[in-house]
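Here come two complexes built around chain A, the first alongside chain B, the second alongside chain C.
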Partner chain A sequence: MVEITREKFERVGPNIEESQAIVRPSMTYWQDAWRRLKMNKVAMASLVFLILLGIMAIIGPYMLPYKYSDQNLMMTNKPPSAEHWFGTDYLGRDLFVRTWMGARISLTIGIAAALLDGIIGVIYGGISGYFGGQIDNIMMRIVDILYGIPYLILVILLMLVMGPGVVTIIVAMVITGWVGMARLVRGQVLQLKEQEFVLAAKTLGASPARIILKHLIPNTLGPIIVSITFDVPAAIFTEAFLSYIGLGVQPPLASWGTLANDATNVLLMYPYQLFFPAFFISMTMLSFNLLGDGLRDALDPRLRK
Partner chain B sequence: MSDNKVLLEVKNLKKYFQVSGGILKAVDDVSFTIKKGETLGLVGESGCGKSTTGRTIIGLYEPTAGEIIFDGKKVNHLTYEGRKKFARRAQMIFQDPYASLNPRMTVGDIIGEGIDIHGLYTGKERMERIYQLLEMVGLNREHANRFPHEFSGGQRQRIGIARAMAIEPEFIIADEPISALDVSIQAQIVNLLMNLQQEKGLTYLFIAHDLSMVRHISDKVAVMYLGMIVEMTSSAELYSNPLHPYTQALLSAVPIPDPKVERKRERIILEGDVPSPINPPSGCRFRTRCKYAMDICKEQTPPLKEVGSSHFVACHLFNK
Partner chain C sequence: MLRYTLERTMYMIITLWVIVTLTFFLMHMIPGDPFTSEKRVPEQIRQNMLAKYHLDKPLIVQYGYYLRNLLHGDLGISLKYLNRTVNEIIANGFPASFQIGMQSIILGVFLGLILGIVAALNRNGFWDYVSMILAIIGRSVPNFIIATLLQYWIASKLRWLPVSGWGTFAHTILPSIALSFASLSIISRLMRASMLDVIGQDYIKTAKSKGLSSFEIIWRHMIRNAILPVITVLGPLIAGIVTGTFVVERIFGIPGLGKYFVQSIYNNDYTMILGTTIFYSAILVFLVFLVDITYGLIDPRIRLAKGGK
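Moving on to the complex of A and B:
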């Protein structure tokens, strides 16, 4: 048996310096969220797809020697070939160029509408939630009223007043769309403003602007980003739907919705014409939704591992 | 320790909240004074209005009625500028170390917030001051770039203390600063607070529900029940000679670290629950649970009266 003697032991004692040290590497909230997002393969694949889509929307229309509005009546309704990668439509316009032009319009409308929704919603909801009481009451009743207006009627009215076009669609979607964001932000702010760190800032003498900008908004940024990511596909879909029923962008401009609309007219003879716009609409919506899901998981600190 | 100058005087403070179902009288006619350099312990069970009292004094709530006089000046109903000035002299330490630090800010920015708001230091001096504060509360300067979620509860509470100390206040309200911590950490934090008090000559309002801790840190103790102070005296007097039946019941619940005494210790068990502060009992609020309740208790609210040398009690038993 091994003899254990007192001499073999040495008293270490507590080391104050060491006991206060932190081993985990320092990470900001965003670094940590990015690390978690990277582990989510589906979300990363969606992100890659969306980045490629963005690049193609920029360079796609220049990859073939046609303009999106160039008609060639000798080459109508051609199937995909070496000259026309996605084929041509009933006026002989190149569908590859038109699809990426459509991507530009659809993505612009989607992102612009979602961002404007976000900005208006955050400001409105932030003010409503922070000040509370009567102000909150009045501001939220206005939201309720706006929420009750069917947006299709609003869109048709706006078309009459402003004329159809990209700007009209964005305006119509923002007018009805920001209320969801305003409610979300208000709810978050109501919850956060009673938190002790906000009270501590007040105790230190912080101004309302400082509290909203430094304490409340940064802490709601996660849900806001997630909500915007979900708003983009919704806006793209709305645009496609409006264009499909003829309320959207006007020819010769193309969006995915108008391309799909044109293709349905010749669906029985040339079914492949519907494939490309429909494929990109679905894939884009799917990608944004899956990315939104991934972001929600990554940005929620309660799910931190 | 005290030079007998009154720093904070609270006169007939009332704070009512409008809630569905009526008016919640969280604080109802509370008066006390704290002398410079002293610590007043405010104890009572949860929901009795201790925290509301603290938050009203610091200006987080507007009082419904009454006056708060700090160093001879009224500090309730201040303008924004007035609040900011008052904030430099009075600060607060919060209860929940997990909720009281903004998770998106570095510890350095959290501690530096007061410095920034009041424009005390900038640039290199500001960082030096933050390092100095971190070391003062027993943390390292490397911690300035870390985020709150990387710290333990005790460490976070130290950060909260450093934040309050950053603008060199004279008066600190500690709102249950230790009740969310492990017992082993509680002692560290209390000792830190007591050391800071000695070094900087601070005045504390120490809110807690742990009687033995309050005894350790306080010069004077006030016992609250349902929004009112029922007894107030020096901490030695309170523990050796509790007069109010509620105080007696509270003290009987404190365990004594001696098995022989503990075996013989008799607990006064209070019957029933705390009545709702929305609809408190008439007269003396404690009468529904008091074994000495008399007829007069139903009709009259007993005033807080001096019964011994600076021993105040609000009970008809001593109100002759």
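Moving on to the complex of A and C:
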């Protein structure tokens, strides 16, 4: 009979170190969002398309030896060929160069307007939501009234007063467009400001500006980015619409809206002229919308797997 | 509910006043006066013309005159179409725009709702893909491009419908379809999502176990609950359709108000722009008001929360 001694036993307790070790690399919120966005094929395809579009908007106008305003009356309304990849318009201007000039202007207007809308809306909504009470009441009543004014009609009026041009389009759209963002940010801030970390910051003596900018806004950045992504195609559409009714950028400058307008006049004879601006407006709006969908899913912590 | 309606009415009036004031002062910020482009006339005649239209008075007095005329429903005289009042031009052009607009709204809302319901009931089926494709087109292709393409294919190439003009019902079909695309796609997707939300609810299971027919479940329990969130987007959608008439009427050569509006922009016809802007804004603000009230009437939660206070 073998004696069973205490020494023969070994204590197998929970290994504290191993069970508490972090197996997966720790990820910040943004790394995690990026990881999830990468898994979304549709959103990534849209992102790639938009990046390519951005690159073409920069280098496209220099790829052929013409300027966007060069007229050649010997070569009007030519279909796509080796010399003119997208053909020429009724003044013999090269449509490849003009399409990418248009991309440059349409993208600039879309992104600039959406970003400015975002900045103004964030500041306004942040202040309104953080201070609450009477300030919030007055600021939001102003927003409610502005929100009731038909957007496109006001933009048209402002364009009439300020005169057509790229900068005035952006200004006109921003004057009317920031209201939606202000509402969104205010709602988010109202939810967040009751949480403990804000109280902690207040106790430590942080100023309201610091709390809004360093604590509240970063925590609502997800919805803000998503909203800006959706604002870009809306702004591109508005610009195209304005250019289409003759209030947008002025010739010889081209935007996709003016290109579409020029093409419609000769549509029956030369339908190819409408194809490129129509295709790029649609694809760009679609890509921004799909990217926005993807970002919304990726930036929402509740959908985290 | 009464309190809610009163509150909304007050907002509507304030919004309209802001629009009128803004439009008036914006118009007067444009340099020159409406007769700058006229041929050279003797100074005395010019003064008389200015006096006739009260343009020699200080701005604030003119504003008073304008408000007073507006309250009497008088929008002034067009500067381009001689001796025609803006009221006349609006009365001339509005019926056509109204018909196109109403047809597009009906088409967009009803077809959108039906498509959304069918898509949700046949999830991943044929109609679901149809609604998805329509949604992608409606979201990404601007209305003026849809209108141009419809005109090109259906009217000029296939010759099924008239290319442009106005008069018979056939003339209204293509413009209405072109305009309704955006709202159709948005409403069908929203309705689909909202229906899928409702389908998973417990009360549907209860209804099934009570032995209700599937038609009754869909009609009385699903659609009624699913339709609520869809109503909220009607306001912006209607705004999109109304402003969409500007380009669509131009493309299809319809003698509607939208065409006059765009023309008055080309012509710098200020009184006309002022009048039509105010008219359009009033319609839009009123429609959004109607949507708000309808929503309040239908959704008992809003009725109770706002009315019970």
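In this text, the second predicted complex is superposed on the first by the 281 of 305 C-alpha atoms of A that agree within 3 Å, B and C clash if a C-alpha of one lies under 4 Å from a C-alpha of the other, contacts with A are read in each partner's own complex, and residues count from 1 in each chain.
We adopt the following convention: contacts are C-beta pairs under 8 Å (C-beta built on N, C-alpha and C of every residue); 3 or more make two chains touch, one makes a residue touch a chain.
Predicted model, so just to flag it, every value in this text is computed and none were measured.
When both complexes are overlaid on chain A, the residue A:Asn219 reaches chain B alone and has no touch with chain C.
Residue contacts after overlaying the shared chain place A:Gln195 against chain B, while chain C stays out of touching range. Look at A:Thr28: by the touch rule set out above, it reaches chain B but stays clear of chain C. Of the two partner chains, neither chain B nor chain C is touched by A:Glu7. Look at A:Thr203: by the touch rule set out above, it reaches chain B but stays clear of chain C. Common to the chain B and chain C contact sets on chain A is no residue at all.
Listing the residues of chain A that touch chain C in their complex gives 144-145, 148-154, 156-158, 160-161, 233, 237, 240-241, 244-247, 260, 264, 267-268, 271, 274, 278, 281-283, 285-286, 289. Partner chain A is touched in their complex by these residues of chain B: 55, 58-60, 80, 83-84, 87-88, 91-92, 94-96, 99-105, 113-114, 117-118, 138-140, 143, 145-147, 149-151, 155, 160, 163, 167.
Remark: chain C residues 11-12, 14-15, 18-19, 22-23, 26-27, 29-30, 136, 139-142, 144-145, 148-149, 152, 156, 239, 242-243, 246-247, 250-251, 262, 265-266, 273, 277, 280-281, 284-285, 288 touch chain A in the complex. By the touch criterion stated above, chain A contacts chain B in their complex at residues 16-17, 20-22, 24, 26-29, 195-197, 199-207, 210, 214-215, 218-219, 301, 304.
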